[in-house]
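Pasting the structures here.
In the two complexes below, chain A is the common chain; its partner is chain B in one and chain C in the other.
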Partner chain A sequence: MTIALEPAVHGDKVSLLRVLGPAHVWALGVGIVLVGEFTGWNFAADKGGALAALIVCWVVGLLYTSVAMIDSEVTSTVAAAGGQYAQAKHIVGPLMAFNVALFLVFAYTMLEVSDAILLGDTIVAKAGVEGLNHNAFIAATIVTLAWLNYRGVLMTLNVNFVITAVAYVSIVILFFSVSPWTQGAVLKLNELVTPGNALPYGWIGVIAAFQFGIWYYLGIEGTTQAAEEVRSPARSLPYGTMAGMITLLIAAAMTWYVCASMMPWEYLGTTYYPLWDAAKLTGSPLLENLLFIATLLAALASANGCINDAARAWFSLGRDRYLPSWFAAVHPKYRTPYRSILFLLPIALAFAFIADLNQAITFSILSGVLQYTFMSINIMMFRKKWPLGSIRRGYTHPFHPLPAIVLFCLCVVTFFAIFLGFGSQLIAMVAFYFLISLWFHFYRYKFVRRGAQFTMPWPKPQGY
Partner chain B sequence: MSRYTPPEQSKAGQVFDIAVVVVAIFVALWLPLKLGLAGAAKSIDALDAKTWEALGQNPTMASIWEKLGYTPETAHDIIQNRFHYFIDWPTLIIMAAVLIGYFIFLFRASDREYRDVINEKFDDK
Partner chain C sequence: MWTVLSYASWGISIVLALWMLYDWFKIDTTFSEEVLTSSREGELEAVSEKHRI
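Showing the complex of A and B:
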């Protein structure tokens, strides 16, 4: 399937470059997400206990499998930069598209902030120097990665592929180093997760744990942001996304098993470095250093992918005039959305300095769950407006509408989980989205061309 | 249907809109932090006796805590810092109403805008 590219506005007749293959798509998706194994998922143990963290690992895995299936179908058909934003624009309408782009920008920017904080804190913890502050490491990380993104997507994702692979292999090495087939020597699951403490808050703790269970996989849907830069979107996007999801399910299971077998759940639920701590507890300096480096690499890969994705979502908003078209410029030499990259840089820096890790993670999760709720309704509308056979799809996901229903139900449960402990934050965020939507609908939309927003070569949707 | 021609936005207008978005982002993300609305709703259930047994830690757990550099005193605030889940129905109802109202507005307003898009796009042909 070939997609006609729109020229960038503002006189810059330059488009994004089609240079990526399935491995880059995998690297983009897994690179963003893998940091979730190194920190964040374990806060699910804090909310519900170690067993709750395992239950949500699998149930939320189901949620993301639904996301990957749905996303693969829609993205292989609506292959445009902005991913879910472009989908919303063609299927639901402009206001929804504006909101979806903001979900993406917030989810990825706050994830980038979380990554930078993790990286800074990890270096400070390793250095063990009194008075050493993480701010310099955070600033260096965000600025360097923004520069890398400014210089070009191929280099950016090549770097991501290498560092993601190294970080992933480190989890596998740790897993096999602790003799996972034997209990009692290194792993002591039976003594750490007992009938008395497996679910310390009961089943409501399991539901509450959904909030951070999202962190095992948050961002895998980011593969779609590269749609305009992939050589063969119909093949590469579903393949890269589904391969990424399988990779992450395996990593999540290994991570839980090792960490829950080595730390009491109260510690596991609050540490910022569960895998690095597990490596320390093995007593092996080699493993400890390997997991220290892997934690840094995972944070770097994630932040790198997040800058890539957030900038493309912001770029798309400018290109369609949902925001000032100044943002839509493509760099004449590097072919990247450089103004969007530069604009988001100080915002990420500012929040990296004022928010702490689990607050930044919660901001990101909130925007992610709002987006998944949209996706579950979006696929229903997509199939209704363009039934199978009416347009060419690169991939058709099976069992429709079951994945959409599962996704929607799990989103409702996750909203309830966020309410349990973080309800005020949820209401504040939704109030923001509501107010900015009023601004867009009643003011900003007058600057937007109408028919020109619909760029897919499709027939008129049914019912219109 | 006649083609809609949007007004050209002046540079000052573009700068103003960018400023609005930046301010909105900072208010949405920074204000909850400033007002103390962000973060987990947890509290410490303090214990008088600070021993591994009183903290519910078996010998294996205690040995791991010690390996991590903790004593019962220093681990107390981590172990006893707990969520206290209860369903505050009025807040839950407000949250549900805000969420549902938001999505209803999104879909209805989007649909109105979408019809204009489709009419202009396909009436041209």
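Showing the complex of A and C:
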């Protein structure tokens, strides 16, 4: 199938291009997240031992399944670029929406920065050349992916689909290469994880591990940013998001099993490359090189999706004049939010050159968890204001309000875990969002076209 | 080889960054601000979109 991009400007209108399908939604969500299997999740073992990393794999999996279900329902109804920002605007109000958009931009830009640093460090580690600096590889990653995003969403997410699939298949190949059905030959889970060392710090270690357990799935909610560019939002978004979540649950389980069965938790909790290290331990050069390439591809896919999502959130803020409308420009030929992509490019580069990986990851996780907390409140308000049957929904999530309550409780636990490890960053970030909210309320909101920002043709909410 | 790759990475970054800056300038000077910022939330894609299958 080929799609002509020539008729760019329709009279005096130019908008984002609706060309994506469920596979692209999957590629966007899983592409952003999969890097977390290659690095990040394993720091949970450092906080609480190998068993804690498994417990948080399932419990945080529950958190993200709730996120995916809630997101699928609301986004299949509020199908607009900006995702959770557009949801917050219609359901909660402008101040919440402004904050949510900033959560999104911070979460994705900091994740992009982390991905680029990881990619640069992985190449430097592989090269083993004295004096080789990671900055060149970081710059090439961020600029090339920004260029790809600038040139069009279809090619961007086609590329993401291919590289995400290759990275995923590499995990499956590694899993079956170590004879997962037998213990003792390659895998030694019963020797490495014993009753004596499974939870070295007890249950408080499990709580502390939540902070890095987030990495198994961080970013799956990014699928909603494609809402304005998918051909059928009501079908593609729930399908792509839920398929992505299932894919990630399987990948997370395989990754933990292989890594915990090959490395002691003390090492597993500190290495930056758990899967690549596991491949090295098999003694197979083929597997070692495959997992090296897969680590790079996973980092690329994640950064690529993050640029896509951060730019859409920033673009949406400009379109509603929450920020200067200059950012709301769409490229007449490539149909992308090109000014937003270009504006965020030097910011990502600057952070990638000066920030350290742990700081960037923490800021990304913090913004993500703030956003999930909002989502649990948002769905309660959505169901209360527009009960089932009052508006058309593309997908209705089951067991309401259980997923919302589970999500809220797990967010509280995760905040506590972050406070244990990065309390000062948590306080600084909350203070930042408080101050920027004051700026928005007292200065910026007067520029917003108040009536025009609400675009969904819904009936009045119940009780109003 | 890795050092050469490092220089090549800088080269690619500079070329692509310059290309984007050039295209940005070209687009901003060719089209009016009204057209470039005419996208509205909730509007479906124009029916005149031509897809060749």
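As a convention for this text, the second predicted complex is superposed on the first by the 452 of 464 C-alpha atoms of A that agree within 3 Å, B and C clash if a C-alpha of one lies under 4 Å from a C-alpha of the other, contacts with A are read in each partner's own complex, and residues count from 1 in each chain.
Criterion: a contact is a pair of C-beta atoms (placed from the backbone, for glycine too) under 8 Å apart; a residue touches a chain by one contact, two chains touch by 3 or more.
It should be emphasised that the depicted structure is a prediction, and the values quoted were computed from it without experimental measurement.
S.K.: State whether A:Trp326 touches chain B only (first), chain C only (second), both chains, or neither.
M.R.: Touch status of A:Trp326: both partners.
S.K.: Once the shared chain is lined up, is A:Asp277 touching chain B (first), chain C (second), both, or neither of them?
M.R.: A:Asp277 sits against chain B, while chain C stays out of touch.
S.K.: On the A-aligned overlay, A:His400 touches which partner chain: chain B = first, chain C = second, or both, or neither?
M.R.: The answer is neither, since A:His400 touches no partner chain.
S.K.: Let me test your reading of the model: by the given contact rule, A:Leu192 touches which partner, first (chain B), second (chain C), both or neither?
M.R.: In the superposition, A:Leu192 touches chain B alone.
S.K.: With both complexes superposed on chain A, which partner does A:Phe415 reach: first (chain B), second (chain C), both or neither?
M.R.: Only chain B is touched by A:Phe415; chain C is not.
S.K.: Kindly classify A:Arg235 by the partners it touches after superposition: chain B alone (first), chain C alone (second), both, or neither?
M.R.: Neither chain B nor chain C is touched by A:Arg235.
S.K.: Given the touch rule stated above, what does A:Val430 touch, chain B (first), chain C (second), both, or neither?
M.R.: First partner only.
S.K.: Is A:Arg444 touching anything from chain B or chain C once the two structures are fitted on A? First, second, both or neither.
M.R.: A:Arg444 sits against chain B, while chain C stays out of touch.
S.K.: Going by the touch definition up top, name the partner, chain B or chain C, that contacts more of chain A.
M.R.: Ranking chain B and chain C by residues of chain A touched puts B first.
S.K.: Same chain A residues contacting chain B and chain C, which ones?
M.R.: The overlap between the chain B and chain C interfaces on chain A comprises residues 325-326, 453.
S.K.: In their complex, what parts of chain A are in touch with chain C?
M.R.: For chain A paired with chain C, touching residues are 1-4, 6-7, 9-10, 12-18, 80-82, 86, 123, 127, 129, 132-133, 136-137, 139-140, 143-144, 146-147, 150, 228, 316, 318-320, 325-326, 328-333, 338-339, 342, 345, 453, 455-457.
S.K.: Going by the contact rule at the top, pick out the chain A residues touching chain B in the complex.
M.R.: Where chain A meets chain B, its residues are 46-47, 88, 92-97, 99, 106, 110, 188, 191-192, 194, 196-197, 201, 204-205, 208, 262-264, 266-267, 270, 277, 280-281, 321, 323-326, 343, 347, 350-351, 354-356, 358-359, 362-363, 373, 377, 415-416, 419-437, 439, 441, 444-451, 453-454, 460-461, 464.
S.K.: Mind pulling up the chain C residues that touch chain A in the complex?
M.R.: These residues of chain C touch chain A: 2-3, 5-7, 9-10, 12-13, 16-17, 19-21, 23-24, 27, 31, 33-46, 48-53.
S.K.: Would you mind writing out the residues of chain B in touch with chain A in their complex?
M.R.: So the residues of chain B touching chain A come out as 3-4, 6-7, 9, 14-15, 17-18, 20-22, 24-33, 37-42, 56-58, 60-61, 64-65, 67-68, 75, 78-79, 81, 83, 85, 88, 91-92, 94-95, 98-99, 101-103, 105-107, 109-122, 124.
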